[in-house]
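This structure is in structure tokens; I'll ask about it shortly.
Just so it is clear, A, B and C label the chains in written order, and each chain counts residues from 1 on its own.
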Amino acid sequence: MSPAEHAKKYPEVWRRFNPRQTLTRYAWYVGAVFIAAWALRSMDLPWEYFNDAHIQAMDLLTRMVPPDWDILEEVVAILIETINIATLGTIITIFIAFPVAFLAARNTTFNSLTWAIARFILVASRSINTVVWGLLFVAIFGPGPVAGIWAIAFRSIGFMGKLVAEAIEEIDEGAVEAIEATGASRLQVLWIGILPQVLPVIYGTTVYRWDINIRESTVLGFVGAGGIGILLYSAMNLFRWEQVSVMLAVIFAVVVVSEFVSAMVRQRIT
Amino acid sequence: MLTLTDLTKTYPTGAAALKGVSFEVDEPQVVAIIGPSGAGKSTLIRCINRLVEPTSGSVILDGTDITALNRGDIRKARRRMGMIFQEYNLVERLTVMENVLSGRLGYVNFWQAFFRRFPAKDVSAAFKLLDRVGLAGYQDTRADALSGGQRQRVGIARALTQTPDLLLVDEPTASLDPKTSRQIMRILVELAHERNTPALVNIHDVGLAQTYSDRIIGLREGEIVFDGTTHQITAQVLTDIYGEEDWSSTIRKVDEENGDEAAKEKPKAKGKGLVREASAG
Amino acid sequence: MTAPAESANTERLEWHTIKLIENPIYRYGLLGLALIYVVWSVGSLEVDWNRVANGFPRAADMFSRMFPPSFERWELLTRELLVSVQMALAASFFGMIIAVPLGLCGAVNLVPRPVYLVARTFIVLSRTFHEIIWAIFFVKIVGFGPLAGVLTLTIASISFVSKMLAEDIENMPPGQLEAVRATGASFPKLLVYCISPQALPRYLGVSLYRLDANIRHSTVVGVVGAGGIGQVLAASFKRYDYDFSLAILLAIIALVFVGEVFSNWARNKLR
């Protein structure tokens, strides 16, 4: 083998990417940095507030201890209300989300209009945050847990409806056809052919959403929609940090427990 | 070259994997380590480059006491020991060439590794090795697109890119079919002999061990119960290693294989013909 | 016609037998308990039922005032919407970068036990508290405005992305790490040569998903004063400018939709 042949067969340079690929990759990186820099600059943030941020934060943390455990009883009472808001909201959701999901699944909807409407309901429900729904329902029902329950329910419809609709679109059509062949009515087909197939998904997403809703319901009070948020917000605004720490501890415990329960239930049913 | 003295490993669970293993490899030979599952074969191999920390005893490679090295120096020592694995252990999302060049990671600096800019001689050596193991032209294929046999070839190339003083080979064929197993063993043994590199090969297939190795060490429950040449393997020896069983068929089969392999193997031709056969397979 | 009917009948029986809880006593017992819970919990709520009963006429009134949505103050609307997007973009960027070291420290197969525990504690703590709670904290520390919002969303991104990254690294086949270690590679080289190529695609996907989530949340942190469109929305509700509220809500829906479409498109491109 001549040296030239040798060099051709066993090159001394090897590149993972060709120059164009390398260039595009770096272009993406630079682009991301550029976007972040642009976003930061144009928001015109008051960076000087950062100068004493650590002092503020330390002050806040030191005033959190020792926690004022005297308010625990009051906190636990309102915590139960918080959990009830999340749970009742989730229960209401089941009854609304399933019909909407039925209309939002291509294989069970009536026509493209009902499909489009159902899809819009799902998108709108998911786009608007629970807290914003809370604002809306507080304006309707006045401050209190009823607004919170409906806020939870309206935000959850989109979440559960979307997942259930996807499950309906993936069902086994054979079983449905077999039941249609008996001359069953549309409602019977739904009840006997489709519902049992998507039931595990409904249970699963319900428990999953309930777990998320527990977390969401802790902040509904900030807009007056009931739950521990009301207490937390006023304690924060009055700088009662020794009370805030109690509430945070309790919220932490509840969220961790609900996450655990939800994971356990989902593991058992799937 | 390599001296193991009274090597012991007791896992935190209390299980004693190695109970005072001592042996010496003083010439570039292929040493097969055979023994039943759980005999401590994998632990033994991993104690030599300290992927597993031995409990006591010493490992001396070319005058260096491996067991006495600190964390920084053990990395330098590992560069000199190429390792080949049962499950190939390639970085799946990297290309074949990146995997082969990863054998040079101990030698290049961080930025060379980061930008994959390896020195010219490393790259050309890697191309040569790829050709040698029958994967010429595969350099830009991703590792997860390869078959098992191809992956193990990359694994061999990676280990040899390290230009090691010792090859540690852990069950190289246990996940491969019989034909591919033989091809892989053949490439491995040829390369070890070509480069005068001693190799310790864990293997549970007695037939393969007898066909391809120069020396066999039998391990049972963390202790060496046999150390000798391939011809010294008898039914009694296998019983000592594995326990009571009718070994006559195993031995006979091995002898036959030795017969027809011998013609091909013994001349140790520079292996072009074998490579072609290998790349076809 | 009898044959298909029969097969359908067996089909029916089969589907009826699929019950989550086989024992009917437990099943109906559980249902009964659920009913009791609903009755009890509804009864225990402190509710001004008159006010709630008034809700329906009020809702009707509100909806009539919402239509048609008023885009008269579109300059304010687009400006604050843009701030929301900017908060989300900046926070996603910083979040995904800070998440890398934290995610590595949260992977049990890479770091010593104490480091792992500290990292995991931080991840769990920041994940447990709702973004809005963080937002109030930051408002108290750095004052009203988008800075608090950026900090809030950054914390949320860090905890989410680092948790996913840590789990990904923990699920890596251990053999690959072992093999690269066996070549004598140091930890930084292991990082760029083995962990990064294996974890990068999913890390980018998770980060893009988080960008989508950040856009959603950026529209709401303003409700407690942390900048963005949420502030304007809350104010419009307080002032009963319901037609403007609806305009803002529609704009948020559109923005979130665009964000979701972009995130999905980008993640598909990654594959």
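Everything that follows uses one rule, which is that contacts are C-beta pairs under 8 Å (C-beta built on N, C-alpha and C of every residue); 3 or more make two chains touch, one makes a residue touch a chain.
Please read these numbers as outputs of a predicted model, since none were measured by experiment.
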Chain located farthest away, centre of chain A as origin (C-alpha): B
Comparison of A-C and B-C (more C-beta pairs in contact): A-C
Cα-centroid distance, chain A relative to chain B, in whole angstrom: 51
Separation of mean Cα positions, chain C and chain B [Å, integer]: 49
Chain A-chain C separation of Cα centroids, rounded to whole Å: 4
Multi-partner residues of chain A (each touching 2 or more other chains): none
Of all residues in chain B, the ones touching two or more other chains: 98
Residues on chain B engaged by chain A in the complex (per definition of touch): 95, 97-98, 101, 116, 118, 120-121, 123-128, 131, 136, 139
Residue ranges of chain A in contact with chain C within the complex: 32-33, 35-36, 38-40, 42-43, 45-47, 49-50, 53, 56-57, 60, 80-81, 84, 87-88, 91, 123-124, 126-129, 131-132, 135-136, 139-142, 144-146, 175, 178-179, 181-182, 192-193, 196-197, 199-200, 203, 215-216, 218-219, 222-223, 226, 232-233, 236, 248, 251-252, 255-256, 269
Partner chain C, residues of chain B touching it in the complex: 49, 51, 75-79, 81, 83, 85, 87-94, 98, 102-106, 110, 113-114, 155, 158, 162, 168
Residues of chain C defined as touching chain A within the complex: 4-5, 7-9, 11-12, 15-16, 18, 20, 37-38, 41-42, 44-48, 51-52, 54-55, 58-59, 62, 82-83, 85-87, 89-90, 93-94, 124-125, 128-130, 132-133, 136-137, 140-143, 145-147, 150, 216-217, 219-220, 223-224, 227, 230, 233-234, 237, 242, 245, 249, 252-253, 256-257
Residue ranges of chain A in contact with chain B within the complex: 7, 9-16
